[in-house]
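One chain, chain A, links the two complexes that follow: it is found with chain B in the first and with chain C in the second.
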Partner chain A sequence: MKSKRIIPRSFSGILVFLFLIILVFLIIYPLFWIIISSFKDYQGIYQDVWGLPDEWHFENYTRAWDRGISQYFVNSIIVTIVTLVGVVFVASAASFGIVQLRGKLGNIVFLITMGCMLLSPQVCVLPLFMLLRSLGLNDTYFSMIFPYIAFRLPISIMLIRSFFVGISKELEEAAVIDGASLWTIFSRIYVPLSKPIISTVIIMTVYYAWNEFMFATILVDSSALRTIPVGLMVFRDGLMTEWGVVMAGMVISCIPLIVIYLFMSKSFIRGLTAGSVKG
Partner chain B sequence: MGQKSYSIERKQAKWGLIFTIPCLIFFAVFSFYPIINALITSLTNRRAIARTSEFVGLENYIYIFTKDNGGFPLSNSIRATLIFTIGTFIPMIIASLIIATFLMQLRKDKYRGFFQLMYYTPAVLSSVVAASIWMIIFDPRGLMNQISNFVMHTSGVDYNWLVDSTMLQISTMMIYFWKYIGYFVILFITGLAAIPNTIYEAATVDGSSRWHTFWKITLPLLKPTTAMVSIMAMLQCLKTFSTQYMLHQGGSSRFPIDVITMNIYFTGIRNGRLGRASAMSIVLFLIMLVFTYIQLRLTRSSEDVEY
Partner chain C sequence: MLTRKRNFGAFLFCVPALLILAVFVYLPLFENIIFSFQSFTLSAKTREFVGLDNYKALFSDPIIMQSLFNNVLYAVISIVMQVGFGLVIAAVLEDVVFRKTESFFRTIFFIPTLLSMTVVCLLFEFVYNPQMGLLNSFLELIGLEEATHIWLGDSSLAMLCVIMVSQWQSYGYITMLFIVAIQKIPSELYEAAIVDGAGKLRRFFSITCPMVRQMFFVTMVTTVVGAFTVFNEPYILTGGGPGTATMVLSLHMYQTGFVKNQMGYASTIAMLIFIITAVLSSIQFFSFGKEREGDR
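Entry: the complex of A and B
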């Protein structure tokens, strides 16, 4: 949208611009500060809060990696990828099913999906804790993966279904006459045509699974299964005096998402607004 | 042909159901079963360690609303949650509306994209990282005390950001505000972009000042968006757990920031009082249900708006 109500290059226009720039500085500065401080040693952080490090302690990063971050990183990758595959597959199949089930039955399934949006993870965490314990899943990756999938499904189905509904029926009818099975129609027509929305779902799911903290800290017992957020907390509590190393660990943990965010910010922001304003 | 396509549709419908089965299983096991189980457990005296489970009726509900639950009553949690919610969402809505309005005044879309990207960056981080960053900043020797001393013209005063109960609550609000301000700015921009330019042009032609245009045109037209965003912000704040939990883990006292979710965690999982904690979960569920219902009503009415 080209803005027509352009303010003249006036004094107030410059003030607004300055305000926005200062705000960027205020919001970004803590992140910048963490990155700078992650190269300092203990003395450096507290004696010279503002300045650049006197000596760049790159070894903070290797130490953080060796002191446990590597294991948390691998766990997070496993949990994120399995969750991602599960969400994309189950959500697109369900959306396809809902679209195929024209009429009442499709509406019922869709209503069930919407109903699940009313259930927040915070309400379900305690009963899930009891459930996973009785299923004996409390010490596996699945104690994170299954709830993650379940709580990402409603929003993902909403997004994918709204896209599927818009796919022209002509292609599908031609394929049916050619004798294509429903599975072929799903995997060869619907999914390939829906790449934009599926990529949005992928980004939102990765973002969620990589950062999720509550389930990961409550539902998992074993320290060997900790994902990055829980690991960082333990890491921080264990290394209270080595702030430089702790901050290096935090920077490492953020790199994957920041990279995805900077390169795919459009999909990122589309997912956010699509999932909320139209929710 | 008519006969054939009818049978194809029947076939499609049947197989269509099969495609939805994995999803329905997930919902049944990990969404519906837990909430039903919570409801049932809330009516029992179930405990994790003693492994008892007897039907006690509404005793848990009476308990959590009248007793002090070992020093951390639900009434305090509701207070903490409400203060956090109100103290976070009102400044957040006002600030994000102002920022979004300013952003819409920029000449080029490219600039706006840059600012959005920057403002939203903290939301990409996990809440653990966000809380940890601020805990270092709020540390007695950290950045925040230095800034406060500079601003207040004092020197060497410790403002007890993570110790004093009022400051602690303000700190949690600040962390949340910092993390989510960009998100709400983006939501407001979506709302602002939907207002047609012709309205503004007409106003300019009529000689309306920008200040006047904002109060008399933008704000009233933005009412549905504002209502929606407010409810969303409130829902977000009601669910908060990580920030408070992290600060408590880091050594801050629990009482001032003992939000409902945190009380559920401590009562149910740390102390093993599953029945009582389930009752709290149900209370939280009902509170959120009311807000979600309002949200749905607003969404529906905001879709009818015509400019």
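Entry: the complex of A and C
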């Protein structure tokens, strides 16, 4: 029953296979084209759209880096890391609190958190802009970091809480008898046992913070704070026809996530599909 | 007494999350409701209460109708292309015939999901570019010069072109979700069906479809909510143009607030988005709760 062939034998099988190959082509070719074109100059792209570069302009990459991508890259790294630490810490603490609370209170806290999942960020962006301005945060990294943490908390708490619920109570009870505090139980028992779900949350958060566009473009005034997705737009507008350099910038911006994907594609896919509850 | 003290300790663990959500999610939502009854500019110190005027304006605003139409078009095309077609491709890839190549295909299909929307949009600017764009160049290459267009400048085509960008990006992601769902189906079901002489189509409709209906529902709502909140693609690619051909609700909200400086009315548009998406998400929210209970 098991087929060892790469290409199916039946006629319909071959048709489907060809169709899948076309789909692969539609995805791969534009990406391949961007990479090839990022080594060309303007003339090279304009006159020969399809061909390989006559001359490989590796300097497009150093120019893109020097013309602003380096700054955007650093900003993205700062925003992503702080968001990540915030989400992991706040979400796992809250999940622990929800699991530990006796009586109705735990459910109430959980419902308050989950209620946010009904809300799209688009609905909050205007008041958020005014709020951050009146808090004096509009020209700091926090104008991105706080909204990012806030909108990643509900899904992260949902995932971590459902993992915490499944943790066996025996260790915890033994620790309570030994007089351990809640903090000890949290940091010595719950967190170390939850590495799988925390790594899922890490991947989801990094993916979100690295690529987020709307908040980053609306909530941030200062050009010095732009993250890569917003910076690329400015980059494109500023460079006009230096397409090769723009494309080099695009390639650079994708490298971190592609690298993570290549090295941990299984957990990456698990991370992103666990987020299917809310994209 | 001990429980109360313990409960207080446990509650302290929830405080940071509750504070952040209160300040950065619930407070803005609450403010937005108030703003939607007011009229003010970004720099204004005072805000004028205007009652239901903004809501009346909402119903007589032609751009709202255009935006809603575009959002609905977005939703319909996304459902057919991503959810419908994604399920079919996932089922095909999970077929024994493709056992050797399945992981190759799904790895490739997933790649666009990794790219940021900016990169994808800039990429499609090069695809749609009228002079050197890949699409026109390709059409010329195969001798279809008359089929070339100024894709994003043609008001009858621009919206479809913008929608295709999200299809290209998200399609592999939805397919992956269905693959995960199909892999959870017990293989005995298929084996029994084969013994009973059921063909591939019959197995798809009688086993695969009913078994993944929960995921079908989840992806459906996610896609529709995404279609009603779409912002990045039209903002980057067309800015809503030509004219208002590619205007969508959140872009209209953004331009009303930050470009035309009518923050009150912009908040009213946000309320419209809120009502549509909250209804859709709550359907998903409650169905998901049921699904989890079913799993255990």
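FYI, the second predicted complex is superposed on the first by the 265 of 279 C-alpha atoms of A that agree within 3 Å, B and C clash if a C-alpha of one lies under 4 Å from a C-alpha of the other, contacts with A are read in each partner's own complex, and residues count from 1 in each chain.
To be clear about the criterion, a contact is a pair of C-beta atoms (placed from the backbone, for glycine too) under 8 Å apart; a residue touches a chain by one contact, two chains touch by 3 or more.
Note that this is a predicted model, so its numbers are computed, not measured.
**Student:** Should the pairing of chain B and chain C on chain A count as a clash or a fit in the superposition?
**Tutor:** clash
**Student:** A:S168 in the overlay: touching chain B, chain C, both, or neither? Say first, second, both or neither.
**Tutor:** Neither chain B nor chain C is touched by A:S168.
**Student:** For A:D237, decide between first (touching chain B), second (touching chain C), both and neither.
**Tutor:** first
**Student:** Where does A:L272 make contact in the superposed view: on chain B (first), on chain C (second), on both, or on neither?
**Tutor:** So A:L272 meets both chain B and chain C here.
**Student:** Share the list of chain A residues that count as touching for chain B in one structure and for chain C in the other.
**Tutor:** 1-6, 13, 16-17, 20, 23-24, 27-28, 30-31, 33-34, 37, 46, 49, 89-91, 93-94, 96-98, 100-103, 105-106, 109, 112-113, 116-128, 130-131, 146-147, 149-151, 153, 157, 182, 186, 207, 210-211, 213-214, 217-218, 228-230, 232-233, 236, 243, 246-247, 250, 253-254, 257-258, 261, 265, 269, 272-273, 276-279
**Student:** Where on chain B does chain A make contact in their complex?
**Tutor:** It is residues 8-9, 12-13, 15-24, 26-27, 29-35, 37-38, 41, 99, 102-107, 109, 115-122, 124-129, 132-134, 136-137, 141-143, 146, 178, 181-183, 186-187, 190-191, 193, 197, 200-201, 204, 210, 225, 228, 232, 239, 241-242, 245-246, 249-250, 261, 264-265, 268-269, 274, 277-278, 281-282, 284-285, 288-289, 292, 295, 299 of chain B that touch chain A.
**Student:** Which residues of chain A touch chain C once you look at their complex with the stated criterion?
**Tutor:** Within the complex, chain A touches chain C at residues 1-6, 8, 10, 13, 16-17, 20, 23-24, 26-28, 30-31, 33-34, 37, 45-46, 49-50, 89-91, 93-94, 96-98, 100-103, 105-106, 109, 112-114, 116-128, 130-131, 146-147, 149-151, 153-154, 157, 162, 181-182, 186, 207, 210-211, 213-214, 217-218, 228-230, 232-233, 236, 243, 246-247, 250, 253-254, 257-258, 261, 265, 269, 272-273, 276-279.
**Student:** What residues of chain C sit close enough to touch chain A in their complex?
**Tutor:** Per the stated touch rule, the residues are 3, 6-7, 9-14, 16-18, 20-21, 23-29, 31-32, 35, 42, 89, 92-93, 96-101, 105, 107-119, 122-123, 126-127, 131-132, 134, 137, 141, 168, 172-173, 176-177, 180, 215, 218-219, 222, 225-226, 229, 231-232, 235-236, 250, 253-254, 257-258, 263, 266-267, 270-271, 273-274, 277-278, 281-282, 284-285, 288, 292.
**Student:** Would you pull the chain A residues touching chain B in the complex into a rising list?
**Tutor:** 1-7, 13, 16-17, 19-20, 23-24, 27-28, 30-31, 33-34, 37, 46, 49, 89-91, 93-94, 96-103, 105-106, 109, 112-113, 116-131, 146-147, 149-151, 153, 157, 176, 182, 186, 207, 210-214, 217-218, 228-230, 232-233, 236-237, 243, 246-247, 250, 253-254, 257-258, 261-262, 265, 268-269, 272-273, 276-279
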